[in-house]
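After the C-alpha cells below, expect a handful of questions from me.
Per-chain numbering from 1; labels A, B, C and D assigned in written order.
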Amino acid sequence: MAGNSFGKLFRLTTFGESHGEAIGGIIDGCPAGLTIDLEKIQQEMDRRKPGQSAIVTQRKEPDSVKFLSGIFEGKTTGTPIGFTIENSNQKSNDYSHIKDVYRPSHADYTYDQKYGNRDYRGGGRSSARETACRVAAGAIAKQLLQDIKITAYTSSVGGIQLQKKFQELELSEIEKNPVRCPDSETAKRMETYIKEIRSQGDTVGGVVECVISNVPKGLGEPVFDKLHAAMGAAMLSINAVKGFEYGSGFAGSAMKGSEHNDLFEPDGSTISNFSGGIQGGISNGMDIVFRVAFKPVATIMQKQKTINAEGQEVEMKGKGRHDPCVVPRAIPIVEAMAALVLADYYLLNRTSKI
Amino acid sequence: MAGNSFGKLFRLTTFGESHGEAIGGIIDGCPAGLTIDLEKIQQEMDRRKPGQSAIVTQRKEPDSVKFLSGIFEGKTTGTPIGFTIENSNQKSNDYSHIKDVYRPSHADYTYDQKYGNRDYRGGGRSSARETACRVAAGAIAKQLLQDIKITAYTSSVGGIQLQKKFQELELSEIEKNPVRCPDSETAKRMETYIKEIRSQGDTVGGVVECVISNVPKGLGEPVFDKLHAAMGAAMLSINAVKGFEYGSGFAGSAMKGSEHNDLFEPDGSTISNFSGGIQGGISNGMDIVFRVAFKPVATIMQKQKTINAEGQEVEMKGKGRHDPCVVPRAIPIVEAMAALVLADYYLLNRTSKI
Amino acid sequence: MAGNSFGKLFRLTTFGESHGEAIGGIIDGCPAGLTIDLEKIQQEMDRRKPGQSAIVTQRKEPDSVKFLSGIFEGKTTGTPIGFTIENSNQKSNDYSHIKDVYRPSHADYTYDQKYGNRDYRGGGRSSARETACRVAAGAIAKQLLQDIKITAYTSSVGGIQLQKKFQELELSEIEKNPVRCPDSETAKRMETYIKEIRSQGDTVGGVVECVISNVPKGLGEPVFDKLHAAMGAAMLSINAVKGFEYGSGFAGSAMKGSEHNDLFEPDGSTISNFSGGIQGGISNGMDIVFRVAFKPVATIMQKQKTINAEGQEVEMKGKGRHDPCVVPRAIPIVEAMAALVLADYYLLNRTSKI
Amino acid sequence: MAGNSFGKLFRLTTFGESHGEAIGGIIDGCPAGLTIDLEKIQQEMDRRKPGQSAIVTQRKEPDSVKFLSGIFEGKTTGTPIGFTIENSNQKSNDYSHIKDVYRPSHADYTYDQKYGNRDYRGGGRSSARETACRVAAGAIAKQLLQDIKITAYTSSVGGIQLQKKFQELELSEIEKNPVRCPDSETAKRMETYIKEIRSQGDTVGGVVECVISNVPKGLGEPVFDKLHAAMGAAMLSINAVKGFEYGSGFAGSAMKGSEHNDLFEPDGSTISNFSGGIQGGISNGMDIVFRVAFKPVATIMQKQKTINAEGQEVEMKGKGRHDPCVVPRAIPIVEAMAALVLADYYLLNRTSKI
C-alpha cells in the first residue's frame, strides 16, 4: 500500500535512501528457468550511473548490483530475487546547508507535511538514486521479454526538438552521443545547449520518446488496467515527470475521427499508428510509442529565496554535483519501467483464456 | 488482477456490458458513518448521461442507480456498497452490421486477439457505458471528500482552445453551456464547431482540464504511487484518452529550473504553481491542476475501409447515435475518477504517521 | 482492503446484507472461453439453501442467481461476471426484538465497536446469507477446474464422529441423507441427535471433512501463500468456523518423524498421506484432505441473559427459523471456498515457469 | 502474487535462501515516528536462532539484522525498512548427499514439479531459515503495537500436554526453560522426551498456544478477512504447521450453543471466552487465544527409503544439525506472525469510520 511495490505478477519492491549504506529491492514473481546475463544488467546500470559523460552529474557511483537470492547456477529459480546496490558515495555533510531549509520544487516540504520528519541528507526516498533499483529490475524484465525491443531516446531538450518521426530514425545512433538523441546533428545542438545552461548554474527539462516493437497482441486489461494506463503510471512515477502521452497524444485531440482512425491491412496491422500500438487498452501488435515530459531539475546553482522549517525566509544556493538536464540519464529508466510494465502484463495475459 | 477494480482502500469494482440487463459495481472500503445524499449522486449521473443536449448522442438512458447494500438509514455502514444501473436502451440488432467486422481504432480486433471472442453488441467492456459506474462511485467519493472541490471543464475542442489560465476562469459558467467550457464565448465557438463536424458525419477530439482545490497536504506516496501517477493512471483508464499532464506538463519540459521552481511564501504556499499542487508525488496544499487529452470518437458516419474476422477487406459506415465529441460528457467522468483517487489516498494517508 | 474480495487472479468480490433487496458479487479474472452450465450452478445453490430438509432452518429462499454480465452465448468472455441473488424472504420485523440487544457470541457487539453502527436486521454482513454468493462463484470455479473433484461431507456432529478414514468412504452416500455424512448408519444417529437438540431449543457444532482428488502437482506458493495457508484462510472466513487442519493435523503433532514421513513410490506418489496432499505449501498430486470445525450456532431458542447497547442486563430468546446445526448446509460452502482457492492457484501457477 | 509478501498496509516482503550470502526483507507501510529499539529486535532474533540450548540444532548462526533504510535518528521515517541477515554458516557440501534425492515429506519433490528446478543446498525458500526475516519484522510490529501483549508457549510435545488453562499459567516461566513451556514440571518432562527422541535419531511434533491481551476492539474485517482467518493463514504459512484453531477450536465443535455462548458482563466483556477474543471476525477486547499444530521435523537421522529425480529407489539418512522438535524455536515465530497480522489490522482499522 505504501507505494514501494510496482507490478502485480512481476513485482518489484524497493527500499533505500541515497544516504544509507545501500539501496536495494526484491523482484517477486519472475518465472523459473530464465537464464540471466549479469553483464547485460550491469550495462543498463552503467547507462544510468552518474559521471558517464561531460553533460551529467560528475558524482562517482559504480552502481554495481549484488544479487543475493533467486538466481542459481545462472538461472532464475522462481523465488524472489533480492539485490542491493551500495551507496559508495554518500557524504552526509554535503547536505548540511539544506538541513532546515525547504528547497523550492523539491519534496522537502511535502515529506515533512506527510511524515512529520524528513531525511535531509539528499532527499530520502525522493532522491533519484532510487531509480537505480528500477534499472536493475528492468534489466531482468528485459531478459524475460526476449524478442520485445524497447528503445527510448531524447526527443527534446528545452526548446530543441527532434523533428523526425520515429519511423525515420536511426536508433543505432542513440548511444553514440551523450544526449542519447538518434539524430547526430540535433544531438550536437542539445549538448551545446545543456553545457550553456550548466554554465549559467541553471537546468532545463526535456522529453523522452520510447518505441517498443515486437509486442505480442493482447497485452493489457480492458477497463482500469489498460496497458497505456499502467505505462502512464509507470512513467509518471519517475522523478521529475510532468506528462505522458501515447500514439497521437495531445496532438490527437485536435484531429478529426476521419483522419485519426487507423485503417487495417488484411493481416490486422494498421496503415497509420495514431493508436500508438494500443486499442481499447490492449496491444494490437503495432509499435507502442509514447512520450514522457521531464521538468527542469529543481536544484540550481543560483541563489533562490525560500523558507526554513520555521517559515522564515532564507536564501539558498545549490551545492554539489547535479545534472543540468535529467533527460539523458532518464533514458534507461524509462526503458526499465516500460520493461517492468510489459513483463507484468505479459504474465497476466497467460490467464486471459482457458 | 483482471483489472476491473480501482483503488486500494476505497476500492471500486465494476461489471457489465452495454448490452446486458444491467451494469453495476461494488464500492468496498467506504468508511462507516457517511451521510449519503442520493440526489447529488443522480445529478452526477445526469451530467454524464446521453441525450442531455443537442451536441451529444441522442440515445435515451435514464441511468438511475439502484443501491443494494452498504447504506442503512441514510448512512454508510462500512460494508460494501453494491449497485446496479439498468441498460434500459439496449437493442442488439443495432449492431448486426458490425458483428463480423473490426471497426477501425476500436477495441474489436484487440479483444478478439486477447480473449478469442468478443461481444459484438456494442463493444462489451470497451463501451463507454462502463463509465456510468465510475460516475456513481465517484459521486460517493466526492461526498466523503467534503471540502475538497473538484472541477473539470472543456479546455479545447479540435483546434479551439480556451486561452485563459484556470485562475482567471469563471467556474460557475461551466454548467451553463452544453460544451462545459467556462468561457461563454469560446463555448459558443466550440458548440458551433461540434455541430459542423457532426453534420459531416465526422468526430473531433479535445482536452479536459481539471482543478482541485482545498486538497489536504500530504496525500500521495513517495515512489511508485505518487499522487500524480495514480491520477494519471485514473485518467488514462478513461475511454479515448491519449495523454495526461499536470502542472506545467509538456510545456514545462521546455523551461529552465530558474523559471520553473515554485518559490515559497512564508506559510508554505507557493507564488507560482508549476508543480500543479504535487511535489515529489505528494500534495502540497496548492490547487492540483491537470489536463487530459481525448482522441476523436472512432465511430464516424462516413464510409471506411476495414477488414472482417477473416481478414477480408470490407466497407463499413457507423450507425446509431454517437457523440461527435466525447469531451462534454467526459467532464463528470474525469471528476469522478479524480474523486476516486483522492478518496483512496485520503484514507491511505491515515496510516502515514503513528 | 476492506475484506470483501477473495482471491488474486480468480477473484470474487461480494456485497449485500440479508435484509437488503439483493446480495451479489463480481467474479473477476475468470478466463475467457469457459462453457458455463447454469443448471449445475443452481444445483449447488440448492444444496446450500434453507428449507431443503427437516433438520435445517425452514426459511424459504429460492436463491436463484441472476447473471448480469461476463457470459455470452453460453461461454465466459473473460470480462467480470456480475450476479445478484434476491432476498425474497426478508422481513425486517422479525428482528425488532434484537434491535438494541447484543446477542451473545454473535457479531452484534463487535460490529458496533468497529463501525459505530450496525444493521440490526439479521446481522448485516455477518449473516450467513452472504455465503450464497460464495457458492455461486464456487460453482463457476468448479467448472473451470474440470477434472479436479472436491467432495466435502459431515465428519462429526456434536460428539458423534464418523469413524472411517476417507479412503474407506462411499462418497456417493453423501447426498442421500440430510446430514451429508457418507456413512448411512452414522448419518442416522447424527440426524436423530440434531432433532433432539432442536427440540431442546439448543444447537450443536460439528466437523466437515473435505477431500480433493486429481489436483495437479505444483499448486501453491512457497512462503506466505502456501496452498494450505490459503485454504485455511478460506475456511476460517466461513461463519462459525473455529479451526482448520489438513493431512495429519493436530493428531500429527503427537507423532514421530519416522512414523509421519510419507515415503515415495517410484512414480512420485506416496504410500501414506499424512502430508494431506501438500508439501512445503505446494500440491504433490495426492488427495488434499482437510477438516473444518464449526461451533454451535449462537442463536438458541432458550432464554439467555445479555446486555443492550446501554450496557443494561436484559433477557432475550431467539426467534425465527434457525439451523440447529450448520454443518449439513456448510458442506457446499466448504466445497465452494475450496474451489475458489484452487481456481486462483491454478491460474497463478501458469506463471511459475518461463 | 508469488507469495513472498505478507500484509496489506503493514507489509513484509522477504527474499533469500539458506545458502545464499544473505536473506532479508522489506517492511513497507510502517508509520513514521515510531522509536525503534534495536536491542529488543536482536532479543527476538536470539530467541529463534539455532544453538541457544541443548535441545535445539547446534548450528551456529549469529542472526544479526542489518537495517539499511527507513530508520533515521532512531525513528521510522515512514519509508520502507530494508534489512539483511547474513548466512554466516552456509556450507554447501553438507548437502551433496541430497542433491539428486527427494527427501520424504520435504518440499524437494513439489519444488521440482512446480519450478522445474530446485536449490538442493538446504531446501531453498522452503528452509525454515526464511523465518528469521519474519522474526525481525515481527519485532518491529511488536514495537508499533505497544500495549498489546503477545505471548506464545509450548502447549504440547508429542503426547505430553500442558494440562492447565491459559488463565492459570505463569507466563513468566516460559523463558526459564529451553522448551518454553510455562509449567516447569511439564517442561522438564518435555525436555527429557525431546532428548530421548533425538538419541533415537527421530523427531517429534508439538503444539504452540498463543495468548494476546490488551487487543483493541474492532480489529478484523467482516467477511473474507476475518481476524482469525488472517491469523490462521499467518500460522499455516510457518513451516511444518498442520493445523490452527482459536477459542474453543475443534473441541468447540462438540459443544452445544447453550454451553458455548459467551455471556456478556455489563461492560461488554464476556464471562467465558470460547470465542477466543474474536466474534464475527472482529476482536471484542477479550484475550485472543489460538493453538498451532506442528508436525515432526521431516529430517531424521535414520535410514529411509526414498526416490531420486529419476524415480529410482534409493536409501538416505539425514546429516547435519537439525532440530529434534521445532516447537521451542517456533515460539518467537508464532509471536512474530501474530504481531504482523495485528499491526496490519490495526492500521486497516484506522479507515473503518469517517
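FYI, a residue touches a chain if its C-beta (ideal position, glycine included) is under 8 Å from a C-beta of that chain, and two chains touch if they have at least 3 such contacts.
Just so you know, these numbers come straight off a predicted model, no measurement behind them.
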Pair sharing more residue contacts (C-beta pairs) when A-C is set against A-B: A-B
Reference interface A-D: repeating pair among B-D, C-D or B-C with over half of contacts shared: B-C
Distance from subunit B to subunit A - Cα centre to Cα centre, in angstrom: 26
Distance from subunit C to subunit A - Cα centre to Cα centre, in angstrom: 46
Residue numbers of subunit C (touch at least two other chains): 1-5, 8-9, 14, 29, 32-33, 78-79, 114-116, 124-125, 222, 351-353
Subunit B - residues contacting subunit A, complex: 1-6, 8-9, 14, 102, 104-107, 109-111, 113-116, 123-126, 130, 156, 158-159, 197, 202-207, 217-218, 220-226, 228-230, 232-234, 236-237, 242-250, 252-268, 270, 274-276, 278-285, 291, 293-300, 302, 304-307, 311-313, 348-349, 351-353
Footprint of subunit D on subunit B - complex, ascending: 1, 9, 29, 31-34, 76, 78-79, 144, 222, 347, 350-354
Partner subunit B, residues of subunit C touching it in the complex: 1-5, 8-9, 11, 13-17, 20-26, 28-29, 32-33, 66, 68-70, 72, 75, 77-82, 84, 114-119, 124-125
